[in-house]
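When the chains are written out, they are named A, B, C and D in that same order, and each has its own residue count from 1.
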């Protein structure tokens, strides 16, 4: 995660100050529960809340950690400086560092999910807007990079919408999966801390108690979380590859936003580079690369080892910050991207009428011409278009055999674009309801 | 996928014969729908069903493909040999090869999911059985490979159960995601095939119509599918690493099944190697390696390119066959694995009573001893246990200061194992309901 | 690895029959060495060579393995059926299965390397041929998919040559790395087998003795091997992406081979799909996916565990067979690919002369015009080309200020294509020597 | 890359100030070459060196970039503030940003390699020291985590040495591969910049001219670089897994350093966790995860796109900083790790003498006992050891049949440890020369 590809809102989640605040809340709520259970005096639980509005001093905690060599103890020591040594003496009782660290991590991942959910919703809004706007903007569909049959630009945006909408559902689902907390003490047996403490803390933090933890929360949850981010990143790559293709000099059916005649533009007006979408192609790789280590993290030794920790310290901020930045950048690109409908028509008509050749072939066979003959009739005219860029319809109209089979009107009718767009409404209804 | 790591049931899904059968059903149902819509004659649709019980001749289809260089055309040609050339002439009308290929792939992935779901259910049953059996079998919990505090073997099985139960939910969810079909024609516009054909075919095959396809079904679905398999494989690795650790010569708390005194066993009775779980460790990597290419497959050029195809031809059989084999092997290992409760106690008592040191420390502070003094009192006795392997409880009972603080009974009570197992029922209830 | 993407030569390396032959050679050479050392009788060593020309019966060995549950023992049993039980009784003495298995694997990987080296050499020959052929074929260079400045098609082939030549060097280097053998007995201490046996066997098989093995050969060697295959696959992807771009309908500067007017071609003459290079894009992913598991294989427990084995049984054949197939396919594509020089010129002149705008800008500043003025002079003319597709040179010649600064000849000279190709020879000399 | 896992020396390489310094050197050397070629005036080239000792003001450059939206232009503008606008006007002439960026990146990667080479050399020194120290420290070798036959701790260190020595060779080799520079102008044709400029700049910076570049340096070089880092990380994981196993409570043959009786140690003296090596296990994953994106970076569109850039901005610092930190940590761990030879003996004798069972079996057959009988003789005695932990040698000495076959001395001789260590010198010679 580097500043260039970061947004404050997500970066804040991973700041030490945020982490300490969450640790504080976990400890304070745990004290409440313990007091209620009669395990610690109520007044000590109450005292902890004195620090409610404290901004914890990160530098001071670091200073203590330099001595104690233990981050949670350093924090607790600092907390005692605010609450009073004596009042704070029951804080963390029966708990382990992992109770605090793992529950905190999941709070952070849930918050990160909430931001990413909002990001996806914004992206969906932009995609929907552009889809509706260009619902009927005809362009040629391409398979293998080669012209196939007509489609519309709206359908392109609509399929990106549908794909990202699935990603939204996946993200919401994995947000639930990752939204667990554990306050189960050493080895997760609750020997020193009552399960009701866990229940209370989780409820207060909007989490579900982890049904069975082993000091740590099981890492299959985190693996699933990063896997979903990896799928979202891959879908993002799918979208930006389309835009990069659209912006190629020879294609130029769309482009990242620029003001065409703007003062101060480059001396080479054709040199508008799709650098944002190229950048997003790279960012997709960065998010995706976190999936395998997250999966490698699942197998811990016995009840826990700490091999997962250095990985998560890195990939949890990196993947969420990068994806947050990327989704916002992508939304901006979609929202403002330039669409060139005339170029779409020009491209489609590079070989005039040729995209209709399959339909003519089908019509000929339906009109009773044998498959072989039909094929030959189409081919001899299509080749002229391919070689001399003449108009396919005109060639057909000048071909007596074809006219005999389909009639003049029959031929003309085959070049009706609405044939290809007649189900756009159906598809839009499926996608947007 | 190699025979050594394959099971017939899953291999069959990926056999050419199965594929052709599914292709046939797609085409036949599509004809039915087209006939109902009046697009093709009913009799031609009916005729296709003549081949209902045909076992398609894979060698013959290969022979035709060698000429046509196109697998779907080769199949259709062969189908016509059964149905009659004339009767078959409307088969596949308005459709593309992708309609057949992609819908078929998803049928296969759904069937593979169903097998894997059953596999997970069997594994869960085995884990539950062993969990209940060893619910109260005490062993030492280990963090960082080092003795921490007591737990039970049942909790170990229970946490594997909970983890695999989450995987079952994930698999069921992704089975729904992958369970779509598309009969949308070239570029996915339905220009040449009515959307109701797609609806009918999907209904007959137990699929959902893909809301928007572009000749191909979007590959984020497949990426998600393989990601879930990758998580399941990682959880499997988590389980087998535990077993491999249990079987180490020095630990020997459990082992893959063998009959201890069996005739014909090796001359080295200690040399019982956990080769099945080591093998499963490797198989987990093989399943996991399919996740990234599945994600790289998502970004296709424009409406489709075929870069994903060679990847899927390989990873779809490989990942499902390997995981099917692995889950079955794992279930067998769990079901029959040997558990050595006495060794568990012996290991825990390697430093007699030392696992209780934290509890004693806590008790001393609760009894009003200052943290520093409590620490020193525990430490001086613990060190003797560590160095001379004497009994911790006896040392404490011989330490006047400790006795003064906790009393003789107070000390003895701290060595009550039930302190650590008192919430096992609670946890089991959470996991098994 | 599936038949569709396999070539016999490489598949043969991974056949059971090949494996058994190598096992045989290892055992026979080991007997020779042991006899020479006086550890076993010379006549027993000699007897083993009776089986020199035997084609081992794979089915029979499988049959024995079904009983013994051990592949090496099954082989040795079968060997004794050929050599005679008594004569064969010293075969494998003091050795472990790993001595045979690991040494055999490396022999196979060396042979696979030799084939891949030949494949790369063939590819290099094809690239060189096309580079020389199109050394001076001018096309526009593109950054970000956008026209930049002129280059030549020969330079494109030359850079692929240079990249693959680096890969050849890497492959040769890693062939040496993987070319080790180990006959070091249990735990690799040579307690039961003299190091000179290892030396002899390795010498006979063209291997280097592994300096220190632990029953197994260290797996960092294999990790490096698969990493190099992954880099080669990625370079292959680099080449095929270029071809796929060249074949796009709008670009059409090159294409996978087809005979343009061939009988029996599709009715859509524009629909020549780059399916081979798309296929190769997918195959690159399949090779690359083996890199991470090969790296995960490096960390074994103590002197050895067998977690790497199932991984290697799969990825060793898969990666080498797939890459062998892919490199051959790629060589065919390069060798026969169609190049369309006229389309290259047409594309470059889509905005006539505009690719020279940077050079004109530079010339103006060198002629003493201020950067700002020069910029403005270029821009006002460039925009006309961009908007109305007029000729840039003509616009400049009609611009009095530009003429004043550069003169008519000075302007014309800037459109000399040789300016851009003047160092092609230098670069070719660097690449091809 | 996070501060917790970073060392200043490597972090400095990736600081903006370092980058600007390298940019400056590239530009200044290029001016020198251009002046010598008569392309720009000598005095302008000389003027650039006025800034030789300038610490560039990163904040100021950022400020300019905020306006120009281009990092290289911002730098050049700032440079002109030091050199004088007029004097600086030929700086960067005919060059592109990529000339500066790509050459700079490779300078940084070469410097990073030099640090990592030094790191590996330090690690090798530590491994060698410990290998020599424990050359004859006997411990049991383990396959599958199960006791096999005796080996020595020195051999363990020696094999790590040999593995890391191979990594050193790989790193030195890839340092050469990555040590290229390119000053080839737009699209890499040298149209606007003479190849001799590239040669001069590279010579001054200790680089080799890239034989053929396309504005960018080909990314197969970088892919190879990260692949080698991935292999090194995997070897590191191999070492730390061994240490983690050694430190397990039940094994305790070695441990990360701690002072056994140190004041202030935990109340649980057995609870010395191998947290450094667990941490290194995670760091290995972080380095390894950069390999696949580096390979995905190889395939750029045409002469260049910028999709690789965001990836490299992240993984180049991250992988090198993490590996630098990790290797230093590992060297410290090796250097100071505690070895417990007595525990090694105790573990080996857990089943007294049983590790010699294979040798006895071999001796019996060599003494003429049939394989079956020998097996049975060993087994009946071995089982007693396994079940009752009696001494294997004593059992054999009490077994008349065994005594008849081997004699009393013959039996005793089989328990001579030197049998297993007799080739340690040979192996050490192979490894250390």
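We take it that a residue touches a chain if its C-beta (ideal position, glycine included) is under 8 Å from a C-beta of that chain, and two chains touch if they have at least 3 such contacts.
Note that the structure is a prediction, hence the values are computed from the model and not measured.
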item: Copies chain B and chain C touch via same or different residues, half shared test; value: same
item: Interchain centroid distance [CA atoms averaged], chain A/chain B, Å; value: 25
item: Averaged-CA centre spacing for the pair chain C and chain A, given as whole angstrom; value: 33
item: Of all residues in chain A, the ones touching two or more other chains; value: 142-145, 148, 244-245, 273, 275, 278, 288, 292, 296, 301, 305-306, 358
item: Chain contact graph, described as a line, ring, star, complete graph or other shape; value: complete
item: Chain B-touching residues of chain C, taken from the complex the two chains share; value: 1-2, 4-5, 244, 273, 275, 278-279, 281-283, 285-286, 288-290, 292-293, 296-297, 301, 305-311, 313-315, 318
item: Touching residues on chain C, where the partner in the complex is chain D; value: 93-94, 141-145, 148-151, 155, 158-159, 162-163, 166-167, 170, 173, 177, 186-192, 195, 209, 211-215, 218-221, 223-224, 227-228, 230-231, 233-235, 237-238, 241-242, 245, 288, 291-292, 295-296, 298-306, 358-359, 362, 419-424, 426-427, 430-431
item: Contact set on chain D toward chain B in their complex; value: 142-148, 244-245, 247-251, 261, 265, 267-275, 278, 292, 296, 347, 350-351, 354, 357-358, 361, 375, 378-379, 382-383, 385-387
